């Protein structure tokens, strides 16, 4: 049996490798996507004070520490049975909205952008952020840097630091913001809205204006009909920071909505012994394997699934884009994975609008940003939407508030099963008998992965543009049949 | 004339160091202008095989962040050491183990057991990940987890240490400036083994709160009272690590009204960060009666976790007995 | 015949009281087993957690901290610092898997040679029963003292 190994997968946060096995006919027999790392947060958080979770779990991911910080903070509030004051909620959500702007910007311009702006078959040397800049101009790079800088300035003002915010404590925040900071945040927020609109227009011109791309997006290769989940507010509109998690089936029917404390009624994690990561699935539907469909418990949690699981966006400009999105793609729900890139930009716009909405609230500069918990700590769950998916933190503590047990279901983990399926389907479709497995072919396999937002990319430069790649093809006895190389010797 | 080569790699890491590098904003263009980036998995597509194919010492500068948790992390550490002239332990995980090092307070089997038996885990056959697994198509592998997490210098020789979780962007920018100046022949690199991008005092030096004599009769958790914003946190009974933690961050956390968590690691000439922290905290306890002292110490519910939050692997004891015995 | 386990104990004593107690035990020809190796500090308050951890990391089965009685410290009140550190250290080493009994505190004045010898003998037997520590985690040579070179700090 021939075998193709991609190790490590690149342009994402975290580690992973893909093993593709070909049968004697030269078609894909099976594909395995393995996660080779485990650090053990659920174990080593035990024995630590609950208030440290907001700081320790940020180190699960330094790209979205804000998400872990908020989920842990909300869980700690729940552990203490304390309701934080309204100004604290506003400040936390404001930080979170600014974070979404930086994070979605980073992904679109350095990851999704190149595959679309340059095209999946563009020469490797151009299919990165540099190519994007050459095609659309240096001005874009400046805007991207500015968007990241603005967002991180807000994160630092409210959260204390640019990476690994530290100000959320049980009962609220350790500090508020001044009127001067509020004015600065407002100016940056207004600019962020313009930047989001610019990004959507760019997507419209370059991607939606190109029939080949539209066909790619609408095509079957990158499509999986699975359930969608995402957090919504009381009006069933997308909310990143607070609300309940809505679950809809592949046809768009809402199966239900769960509050944080109810997550174990809905989500379970399947185990395979060839990887360190588990595969969440919908408990009420059941694990039926890596398959699509209404009867399969596989679900995805991404910007697209959030849009599918909600009834709309809570801000006007984003809502208009939401309507246009579904009108263009033939109605709700949408299952084409490449459309996640578009949904991500709609969320970018919502985040910017929400940023302005929150910072203009009269209570945003209030000094009532914390309350002292009085109840005995016991147990609590905190859920937020990380950019990459629904994030759940669950802690149990003793009467001193020292963690005795922890359960974490992290953003991208939600998507482990659908990503595995997407990779396999792309491999099945592109790697066939008689096809030379070229770099372009393997890139199309990676595009299946990248759509889910593998978390990262260099905001300014994905540098050399030459993707060094080596593919070794072996026969059933392990003898090397062919070695394909590019940009490496 | 080709540009010198640059690489950045993450082992058992979180990506925060990468983001901190990007948060230098325009400074990153100086990296691009002066270097060819040849390996940076987060940002571009070079694979392990490409690094293996490079000539030894052909990479001028490699920034290595993340701790050594498994054999793949160690393998790449050796590989990059071989291929690099200058290897920097970048960030708390590489310099002293970091947050993943907290796993050293328990064993690897207990860590794996915990992850595979959580409340939401569906594991009726009580499976655990196998480092070698046979599937119908062949055999696939995943790395072997070590009994304890290690810092980078516990597996390879390190040329420079850049502490912080992550190193603050203004410090990274300063180091980029220095490196560019060195490339242009306008400056010299510090002696090997040095700590770069940080100060050589403690966080207290950068903290703006006023400090008086400390006499602590009670330690209080941050959620239990509202501290005076202008007075030293430790003085008010909040467990702040600043007194024994290296300066360089600008004391951002105490300025944000939360205690320093010690992410910049030990100060100069301190072989064990936690030991010095323990000394400092114990010394300010205001009691002579051992029974009363014990009661005050109940206000520090997790000494090992607090003192070694970022530095367990880099400490003198390195890991708990549970880790070394591989159980508990 | 099986060799009996011989504990290795490091004893940090203070110049003014406990070290003189040990000394006076010697001059009185009071025997106590050679399992304890004494290190003289000027004051028990000089005890640094680093010393204790280094001792355990490098093969000690137990550590003794010994100083002047409360109220009698040559430097007035530094033995109280030693006491606080000792009590906190005990809690911390317990989390690391080192039994708290392996770290002990003993007040002994210069005149109390007999008491010193008796207490040390008792401690040795206690540790013998407990068994060897054999700490595998620590290797002092692997932890480098990091000199500092400051890059331009642009604050």
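Each chain gets a letter, A, B and C, in the order it is written, and its residues are counted from 1.
To be clear about the criterion, contacts are C-beta pairs under 8 Å (C-beta built on N, C-alpha and C of every residue); 3 or more make two chains touch, one makes a residue touch a chain.
None of the values given here were measured: they were computed from a predicted structure.
**Q** What chain lies closest to the overall centre, CA atoms only?
**A** B
**Q** Between B-C and A-B, flag the pair that has more C-beta pairs in contact.
**A** Result of the comparison of B-C and A-B: A-B.
**Q** Could you work out how far the Cα centre of chain A sits from that of chain C, in whole Å?
**A** 53
**Q** Nearest whole angstrom, what separates the Cα centre of chain B from the Cα centre of chain C?
**A** Taking the average C-alpha coordinate of chain B and of chain C, the gap between them is 30 Å.
**Q** How many angstrom between the C-alpha centroids of chain B and chain A?
**A** Chain centres of chain A and chain B, defined by C-alpha means, are spaced 25 Å apart.
**Q** Give the residues of chain A that touch two or more other chains, as numbers and ranges in rising order.
**A** Those would be 47.
**Q** Using the touch rule from the top of the page, what residues of chain B touch 2 or more other chains?
**A** If we look for residues of chain B contacting two or more partner chains, we find 105, 302, 305.
**Q** Residues of chain C touching 2+ other chains?
**A** Within chain C, residues 95 contact more than one other chain.
**Q** Enumerate the contact residues on chain C facing chain B in the complex.
**A** It comes out as residues 48-50, 52-54, 56-57, 70, 77, 80-81, 83-85, 87-89, 91-92, 95-98, 135-140, 142-155.
**Q** Can you list the residues on chain B that touch chain A in the complex?
**A** Residue positions touching the partner: 12-20, 22-23, 25-26, 28-29, 32, 36-38, 40-50, 53, 69-70, 72, 98-100, 102-103, 105-106, 108, 110-112, 114-116, 118-123, 127-130, 133, 135-138, 140, 142-143, 145, 165-166, 169, 221-226, 229, 252-253, 255-258, 261, 263, 301-302, 305, 309.
**Q** Applying the document's contact rule, which stretches of chain A touch chain B when the two form their complex?
**A** Touch list, chain A to chain B: 1, 3, 6-8, 10-15, 19, 21, 29-30, 32, 34-40, 42-44, 46-49, 51-52, 55-56, 58-63, 65, 76, 80, 106, 110, 128, 145, 148-149, 152, 159-164, 166-167, 169-171, 174-175, 263-264, 267-276, 278, 280, 287, 370, 372-373, 394, 400-402, 407, 409, 455-464, 467-470, 487-489.
**Q** Can you check the complex and tell me which residues of chain B touch chain C?
**A** Residue list for chain B touching chain C: 105, 148, 153-154, 161, 170-171, 173-175, 177-178, 190-191, 193-200, 248, 250, 266, 268-272, 274-276, 278-279, 281-283, 285, 287-288, 290, 293-294, 297, 300, 302-305, 307, 314-325, 328.
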